[in-house]
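Some structures are shown below for you to check.
Consider the two complexes below, in which subunit A is the common component and subunit B and subunit C are the respective partners.
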Partner chain A sequence: MFKSMYNWIDERLDITPMWRDIADHEVPEHVNPAHHFSAFVYCFGGLTFFITVIQILSGMFLTMYYVPDIINAYYSVDYLQHQVAFGAIVRGMHHWGASLVIVMMFLHTLRVFFTGSYKAPREMNWIVGMLIFFVMLGLGFTGYLLPWDNKAYYATKVGLEIAGSVPYLGDYIKELMNGGTIVGAQTLTRFFAIHVFFLPGALLALLAGHFIMIRKQGISGPL
Partner chain B sequence: MAHKHDPNEKIVYVGDSRIRKRAKSNVSPPDYTAFPGKSEAFIPNFLLKEWMVGVVVLVGFLVLVIAEPAPLGYPADPLNSSFIPMPDWYFLFLYQLLKYPYASGDYIVLGILGLSGIPFIALLLAPFLDTGKERRFYRRPIASSLMLVSLAAIAYLTWVSWDHYQHELAKNGVIPEHIEREIKNEESIEKGLGRWVPGKEKIPAMVEAEDVAFTETMTQAACITCHGSELEGGVGPALRGIGDARSKEELFDAIMNGKGEGMPPFKGTLTDDQIEKVATWLSKQKAAAAE
Partner chain C sequence: MDHNKQQDTAHAPAQRKEMTRRQFLSYTLGGAGAFMAGGAILPMIRFAVDPILQKKEKGNFVKVIEESKVTSEPTEVKFKVHQVDGWYESDPKLSAWIAKGDDGKIFALSPVCKHLGCTVSWAAESPTEYHCPCHGARYTKDGKTLAVAPKSLDEYEVKLDNGWVYLGPIEPNTRA
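Entry: the complex of A and B
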């Protein structure tokens, strides 16, 4: 029955080439850790994506309980952490995953750098990769404020002061991110929106570009 | 308009909605027959092997998640002037860099643009700066050594920043809030007062609220200006339930001679007898007695 359903859709949308393209493409031996243990360095990109998926899923569950306002934000996180079933696990995954994704991405960047994989024709993919790196750092920075405890508040204050010291544009950047002149209610809602809508949207678009380019150009050859 | 019909095609499309046949890619070969060794299909062969690595990482990750709960301190207090700010660990190197005299203050432009901006832009544009054909890192001494020096600098700055933070904590005798919170929470649960949530403490009711010591003496001495009109706390600490924390002698001494920077001595303002009575009344303020 599934076969006839599949055929029904395939006749109309011609979906076979899409998944065959993903499934059938060859992976060369030099990146396969089953053949060369040292090839595990080629896994960091995939692991970054794996942790990113964990971040997106755990984040989706966190927003079911999180309330982005200065009175309730802290207590909603406290409730989530201590009262909600598996809340501590989900928040723990999001908290530690945020660090782990940076670690994995850093290792992936170093692998690409030291194997010279960013060289022609893959220059554009390196740039997209660096943009993903900056988006990830932005996600880390905006997400850090959301629990609205002292650590979050003062880290953001210091971070925005640093942003404010950028020559010429600093004051504008700072006010834009603050949503006013102080770190307060506006900052929290703004950071929440940036953290859950703007940056993830940008991240997904960049990831799509990253993967399409890898597929188009293939993995760089052995050294 | 007549289309040429491919007799092998399952469906004949008409008009411009025809799905185009894939053109041969001219960028690189679609397979890796040019590379030595055994290639294999992405799904399922390779993905299963990659999943093995993923599982090892996932298990380690979940062990960390279960062993170390995500930290949560006290609610943000913009008036707290003694809190030591600390960005997340991967920003520490930048935070530390911008503390040095030649990267801050009058030299902030150098710090932001020269020491942070230019290296980041260089990294972004690396493929256009390192344009040679050579890929092996030991044959690209400039690119590799710049990266290694940057890595060493990042590691060093992160360590200095963290070390400085630990030093500050020790110097000021500060326990990080998320740890202190857990300690207080455990104490609260042990005492049978339930889970402790900062800012949501249950204030015990007042014991013997009609006592002269409170209605007259404490009003006369203006205790309530700092400790709150219902002794719920203000500039000074809450006095409800103070009997659980302090003995009568300690309270007597605090009123008589003052305490810390905030509490003035009331010796002379109040008679010894009045202080004695206030201390006695305060020592009766116990959470258990209030119920």
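Entry: the complex of A and C
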């Protein structure tokens, strides 16, 4: 049935070359764990992306219940965690995935570093990878405030004090991130907007660049 | 194990009615992939559809007016109900048009127009009709639709106790 549906669409739109172009490419022997088990280190990038997809999905679902408002944020999180079916699971995915994505990204970076994959002609992809790293840290920092509990509040306070310690510009950076002079209502909406719109948008653009460059340049050779 | 040899034995008898290696691998990988994707996505879907699966709370009866004060002329009564809306609890004000019917029974109509949900009131245009200001829907004293609205006005469940009228959940009109 799927085959005939696929053929029906393919006859009209000729989609086979499109996905062939994306999916049909050779995996060199030195990155295939079936040949050398130690090649599993080449999976970390893909695993990072896999967890990122889970983060995006679970985050989208969480916003069905969450409100970024200082009166209701905590109660809405409490409600979705304890009253909604699978709330603990969906929030758990987002919570643990957030840490896991950092771990996987770190392992991926180590692999790239120790295989020397950042060297010419792939320097630009290393730069883009570093930008992704900072965007991910930003997502972690802004997401941490959203439950609006004590931990979130004081973690953000400390984080903003650190931002405020930048020479000369510190006070401006801090006030801009605060959206005012205190960690409060405007900080929460600001962090929410950055967490769900600005940084994910930047992340998707950077990931696209990251992947296009890999396809263009191929996987780096064996050690 | 020698990979080339394995491949040869799998390829050699082409007419065998067994599953090919390619088929086996695509079923196994597809199955494992579907299982993993399902494990991630099903909880999210159940999470999203939770509102339609949650147990609806039975509305409580609220004391609104003394039985002796209800006449055959509809009067509006306002009352508060406790409402739990996710993490937000409130006591919104509702209103009902309460009257004694020709059969002597006390009934209470919901003022929500059955056309598009505006609020109707008694004797606003004609002294013996409910009228909705939005699109001119009209109803009889029993809430029976006369114009515009497709259905008659809803009723509150009525309970009488110790000389007081109590209103409960909303139900479809039983009098029209």
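Here are a few things to note about the model shown:
Quick note on the criterion: the second predicted complex is superposed on the first by the 207 of 223 C-alpha atoms of A that agree within 3 Å, B and C clash if a C-alpha of one lies under 4 Å from a C-alpha of the other, contacts with A are read in each partner's own complex, and residues count from 1 in each chain.
Everything below uses one rule, namely that a residue touches a chain if its C-beta (ideal position, glycine included) is under 8 Å from a C-beta of that chain, and two chains touch if they have at least 3 such contacts.
A quick note: this is a predicted structure, and the numbers were derived from the prediction, not measured.
With subunit A as the common reference for superposition, the partners subunit B and subunit C occupy compatible, non-clashing space.
Shared-chain residue A:180: touches no atom of subunit B or subunit C.
Once the two complexes are overlaid on the shared chain, A:89 sits against subunit B and subunit C alike.
By the touch criterion defined above, A:75 reaches both subunit B and subunit C. More residues of subunit A are in touch with B than with the other of subunit B and subunit C. Contacts of A:119 after superposition on the shared chain: subunit B is touched, whereas subunit C is not.
Contacts of A:201 after superposition: neither subunit B nor subunit C is touched. Once the two complexes are overlaid on the shared chain, A:57 sits against subunit C while remaining clear of subunit B.
Once chain A of one complex is fitted onto chain A of the other, the partner contacts of A:216 are limited to subunit B, with no touch recorded for subunit C.
Minimum C-alpha separation, subunit B to subunit C, in the superposed model: 5 Å.
In the superposition on the C-alpha atoms of chain A, the part of subunit A touched by subunit B in one complex and by subunit C in the other spans residues 54, 75, 78, 89, 93. Put simply, subunit A touches subunit C in their complex at residues 54, 57-58, 61, 64-65, 72, 75-76, 78-80, 83-87, 89-90, 93. Subunit A meets subunit B in the complex at residues 11, 14, 17, 22-30, 32-35, 40, 43, 46-47, 50-51, 54, 70, 74-75, 77-78, 81-82, 88-89, 91-100, 102, 110, 113-123, 126-127, 130, 137, 140-141, 144, 147-155, 157-159, 162, 165-167, 182-184, 216-223. Remark: subunit C residues 40-41, 43-44, 46-48, 50, 53, 86-88 touch subunit A in the complex.
The part of subunit B that touches subunit A in the complex is made up of residues 10-11, 19, 22, 25, 27-32, 34-46, 49-50, 52-54, 57-58, 61-62, 64-66, 68-78, 80, 83-91, 94-95, 98, 108-109, 111-113, 123-128, 130-137, 140, 143-144, 147, 151, 177-178, 195, 197, 199-200.
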